[in-house]
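Two complexes follow with subunit A in common, the first pairing it with subunit B and the second with subunit C.
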Partner chain A sequence: MRAYIIRRLAQSVLVVWAVTTIMFFMFRVMPADPTAILLERGLTDEARQALLEQWGLTGSLWDQYVAYLANLLTGDFGSSFLYRKPVWEVLTPLIINTLWIAVPGLLLGAALGAAIGTAVGWAKRGGKLERSGIFLATIIRGVPNFVIGIALLTIFSSTLGWFPGFGMGDPGETTGFARYMTLDFLHHLALPLIAVIIYFMPENLLLMRSGVVENRTEDYIELVRAKGVPQRRVAWHAARNSMLPLITWLFPALAETIAGIVVIEIVFSWPGVGRELVLAVTRQDYPVAQAAFFLLAVMIVIANLAADLVYGKLDPRVVYK
Partner chain B sequence: MKQAQTNAPAAIRGRSAWSAAWESWRQVMQDSFAVVGVAILLIFVVIALTAPYLAPFDPFKAMMTETGRLARLRPPSGEHLLGTTAFGNDVLSQFLHGFRVALLVGLVAAIAVGFISTLFGVLSGYFGGWVDDVLMRITDVALSIPTLPFSIVAVALLGPSIENIILVITVLFWRNGARIIRSAVLTERERVYVKWARAAGASHFHIIMRHILPNIIRVVFLWVTMSVAFAVLTEASLSFLGLGDPTVISWGQMLNTAFSSGNLRTAWWWVVPPSVALVMLVSALYLIGRAYEEQTNPRLRRR
Partner chain C sequence: MVAVAPPRSGHRPASPATLAELERLTDRLSRKPAAHLQVESLSIGYSTLRGRFHAVEDISFEVPAGTNLGLVGESGCGKSTVVKTLMGLQPESTEVSGRALLDGRNILGLDENALRDFRWKRISLITQSAMNSLDPVYCIGDQISEAILAHEPVSKATAWARAEQMFALVGLPAGRLYEFPHMFSGGMRQRAVIAMALALNAGLLLADEPTTALDPIMQSQIMTRIRGIHAHMRCSMILVTHDIAVVAETCENIVVMYAGKVAESGPTADVLERPLHPYTMGLKNAFPRLPIRGEPRQPLISIPGVVPNLLLPPPGCRFASRCPFATEVCHSVTPPVVQVGVQRAACHHTDRAAEFRLAAARPDTWRNMRGAA
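Let's turn to the complex of A and B:
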């Protein structure tokens, strides 16, 4: 077990290194000169050279690469071209904002999907509930997340005026965690959160349904039924065993969802990592874009690692080698 | 050799991938949801092919009123069936041209992803060894690349053109397919009939083409259908984020223009058509994909 964890960790580090390297060369091979955005502010040649040195953009590509990796190891992402302050200072508050819509959205979407999925999977094969459940879930799954966002925005914000459709609200006097505990914040949180839930639910529903359908004909279900256990409890037996693939799928999905809510953040002008990534790319603020991408990739690697380990805990048949 | 093959017992002769594909297609057509999906897809293809003849105006042309002013945000009328945009473009013409981009992206992705995934998956699964090792290490890395952020960065760096978008989509989505097809090949390889065929002196090429491929063709179809859906969604998302090809009109771009010019609420005629078309296209693909999924997983079939 320990050997397996160590090997898996080493593998993850290797993957992170590879992704970082790909990213580094992608950004450096581009023709654009990052100081070009500063030219309009009337930068002299000397000042420009000094900036290039400060940003680690001088020397051979190999030297730059080594310097970049060394900086990463010490947690230094460099400084933003645009904000003129360290990248981590720009990104830290944004990570929290992203997690605010990603984590509750994901958990609620999974719970809702699992509950409805069990009902659909347990329903009569070929019956009305099963057919309409599958059909609706497949259709909703086909709705691009920005269309979900646009629909929610148009209906509940612009037309009905129930929810604000822009940003996170006025932070006011409060700072720190209290900032997130205001009604105003929750009011702003509602629509993007609902969008993430709708975006994430159908996949869970279909996965859970497949699991329940697979399990319902197993012998152990017959046994439970023969014991005279009520239907609802029997369904619960099947549901519990169907959760295994769902849970292992959840972790990588968490990462992909965080990546996918880029678009939802844009629609609702929610100041998160994804929105900053898009803005940074269009403003050619490469240190920020690079770091945002790096963070998202690391999240996926950690999530995959966690999924492998949790799977072993949940399924006693898995043997670590 | 030809003679020897036809005289060989069926177990060794195998069957062609085409006949397996046809059989699997006929099974999928038993599923009424999949039939709905195929019908939608066919209608979309017809519209895409005839779009230049159906479109009443040039999609990029700004319409003028009789008084010489820009015909901004006109609601649907006899002249402009779906109204006009904030920049005076005819919405119906833009919408019809959007079919071409969506289906072009889907088609190219299907061919590219289907071919690459199948090639790598079969080689890796069948021969194993270092080919398999190298391929699996590459997919390990590729699978931890966040898809949408990667496409945003890559398209922004390479330049927003339809070719680059298709390139990025292909680079992104071959990996999952290769993995899934590889594991399907791994199970087939160990089957008794493959061993018999090999014992009877069949070549590797023969075994792959007539034994392995026919048995994994459903997995390939499932994956191709899903890839087309992902490709259409990725192109739409990129265009919505403002990274679409400025020289063509796509649905994501129409929504981006409506959104960024602040006309979501008022100009419903501008927003609804591209949204509905996207949902219909992607859902149709998922409906077909689901039917292949039920086929590839026999435990899901009705008992």
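Let's turn to the complex of A and C:
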């Protein structure tokens, strides 16, 4: 088990390094000038040259790359071109903002999807619950997530006026963690959070349903029924076994979903790391964009590792070698 | 062989309180009487895309309390369907008619809640394919405890202690209760399923081909164990099998089924000694016997043909197309059930049974059929 984790961690480091390298060269072969956004402020040629030097964009590509990697190893992502602040300072609050919608959104989406999927899978074949469950899940699954966001905004913000439709509210005087403990913040959080849940749920639901449908006819389910345990308990046996394929899918799918959260952040003007990532790319703010992609890569690699470990917990037949 | 797993961390020997509760539970369970089952004109039908058919038609039999009934017949004749229906495990669209009186109470057509009332408490099941009958993600001990906890108001520790008792009964070490089904061999899984079936000392044990998936040596070990347990527990049992030799060794009574109907029934010794139905005669001959020195080798005779399609059952006797003694009336008129002594057979020609028995022992009697069929 320990040897397995160590080997997987070593592989993960390799993957992250590869992503970092590709990202580094991709930004530098793009025909763009990162100083362009500052040009309108009357930048002279000398000043421009000085900036490039300060940002570490002079010298050969190889030298830049070696310097970048060396800094990265010490945890230094460089400074944002635009904000003139260390990347960490720029990204940290944004990452926290994103976690507020991503973590509860994905957890609730997966849990609700699995629970409803079990109910739909256990329902009478061809019955009302099964048909409406599959119908709704398929529809939502097919709709692009910005449409979900815009629909929520139209209904609950513009028409009914129940929720604010923009940003995450006025921080006021509060700082630090207290900033997130206000009703105003939760009020702003509701719609984007619901959007993430709705966006992530259907696939969980459909996967869980097909697992339960497959498992409910297995011999062992028949024996559980014969034992005379409550129906709920019988359904649980089917659900418990259907979790195995769901987990295999779930963690790698998180990566794709994080891409979806970028869109939701933009629709709701949620100041998260995803929205910043898009802005940074358009502004050629390399350090911020590279750091954001680096974080994404790390998260995806961790998610895959977590999937394998959780799978081993759920399925006693899995042996780590 | 997999090494015996050490007890799960945190597992301690049963506390005095647990042992006291276990003793009360064991005492309570051991005073359960054997169940009496009376099946009256049971028919089980399915609707399929190609029409409705009866997998089982109008069968009746009785299992007196404490006795053993063998249900035999070739694959697809409806044996397992009967067992599943008695447990209420038939598919939802199944049409069931007739009655099955368990201690005088009809158990057919009950809803899930009423079914829970007798499942495992009064009828338990040893399944056909123990390989797939255990949930792969729970350890065996949890699965046995689950059955106990569903019906008896005892603590989890007591249920587990009871499971340990049952494991001892089937000859498995208690430590293996912590293991998962995939760590067991086929024979061990079958024994685990038997242990589970015994956990609540249900009055009636349904054993649905308990040895089919095992090799011959394991088969005989498991059957010896089932016989021993049956004698020890004094419960009633229905043993479904296509092995007539097992029935001869194990069961007081026998029901021979053919194409969803009862061909012949009665006390096992009488039925196998003097079969009345040509199908029983054929079935008896179709089992291998070791040659005895000095005696002529007993040829192995198979019954030609296959069970008829139940979607379009032939008129008359369902066995007629494969029967070497069939006459005109057999192909047109459904045979009545004739009582001869203690035996009952559904055949037009029970009066000529003695003559048929002699002919049926000769291989050419059946071989000549093959051209005709």
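Please note the rule applied: the second predicted complex is superposed on the first by the 319 of 321 C-alpha atoms of A that agree within 3 Å, B and C clash if a C-alpha of one lies under 4 Å from a C-alpha of the other, contacts with A are read in each partner's own complex, and residues count from 1 in each chain.
We take it that contacts are C-beta pairs under 8 Å (C-beta built on N, C-alpha and C of every residue); 3 or more make two chains touch, one makes a residue touch a chain.
Computed from a prediction, not measured in an experiment: that's the story for all the values here.
Would you mind checking whether subunit B and subunit C clash or fit side by side on subunit A after the superposition?
fit
Return first, second, both or neither, reflecting whether A:277 touches subunit B, subunit C, both chains, or no partner chain.
The first partner, subunit B, only.
Applying the document's definition of touch, where does A:11 land relative to subunit B and subunit C: first, second, both, or neither?
first
For subunit A, which side has the bigger count of touched residues, subunit B or subunit C?
Touched residues of subunit A are more numerous for B.
Can A:135 be said to touch subunit B (first), subunit C (second), both, or neither?
A:135 sits against subunit B, while subunit C stays out of touch.
Which partner chains sit in contact with A:89 here, subunit B, subunit C, both or neither? Use first/second/both/neither.
neither
Answer with first, second, both or neither: which of subunit B and subunit C does A:227 touch in the superposed model?
So A:227 only meets subunit C here.
When the two structures are overlaid on chain A, which partner does A:289 contact: first (subunit B), second (subunit C), both, or neither?
first
Just checking: does A:63 make contact with subunit B only, subunit C only, both, or neither of them? Give me first, second, both or neither.
neither
Can A:241 be said to touch subunit B (first), subunit C (second), both, or neither?
Second partner only.
Superposed on chain A, how close does subunit B come to subunit C by Cα atoms? Whole Å, please.
It comes out at 10 Å between the closest C-alpha atoms.
Going by the contact rule at the top, pick out the subunit A residues touching subunit C in the complex.
124, 218-220, 222-231, 233, 237, 240-241, 244, 314-317
List the residues on subunit A that touch subunit B in their complex, please.
Subunit A residues touching subunit B: 11, 15-16, 18-19, 22-23, 26-27, 30, 125-126, 134-135, 138-139, 141-147, 150-151, 153-154, 158-159, 206, 210, 213-214, 217, 255-256, 258-260, 262-263, 266-267, 274, 277-278, 281-282, 289, 292-293, 296-297, 299-301, 304.
Give the list of subunit B residues in touch with subunit A in this complex.
Residue list for subunit B touching subunit A: 33, 140-141, 143-150, 152-154, 156-157, 229, 233, 236-237, 240-242, 252, 255, 259, 264-265, 268, 271, 275, 278-287, 290, 297, 299-300, 302-303.
What does subunit C use to touch subunit A in their complex?
87, 89, 92, 112, 115-121, 124-125, 127, 129, 132-139, 146-147, 150-151, 180, 182, 193, 196
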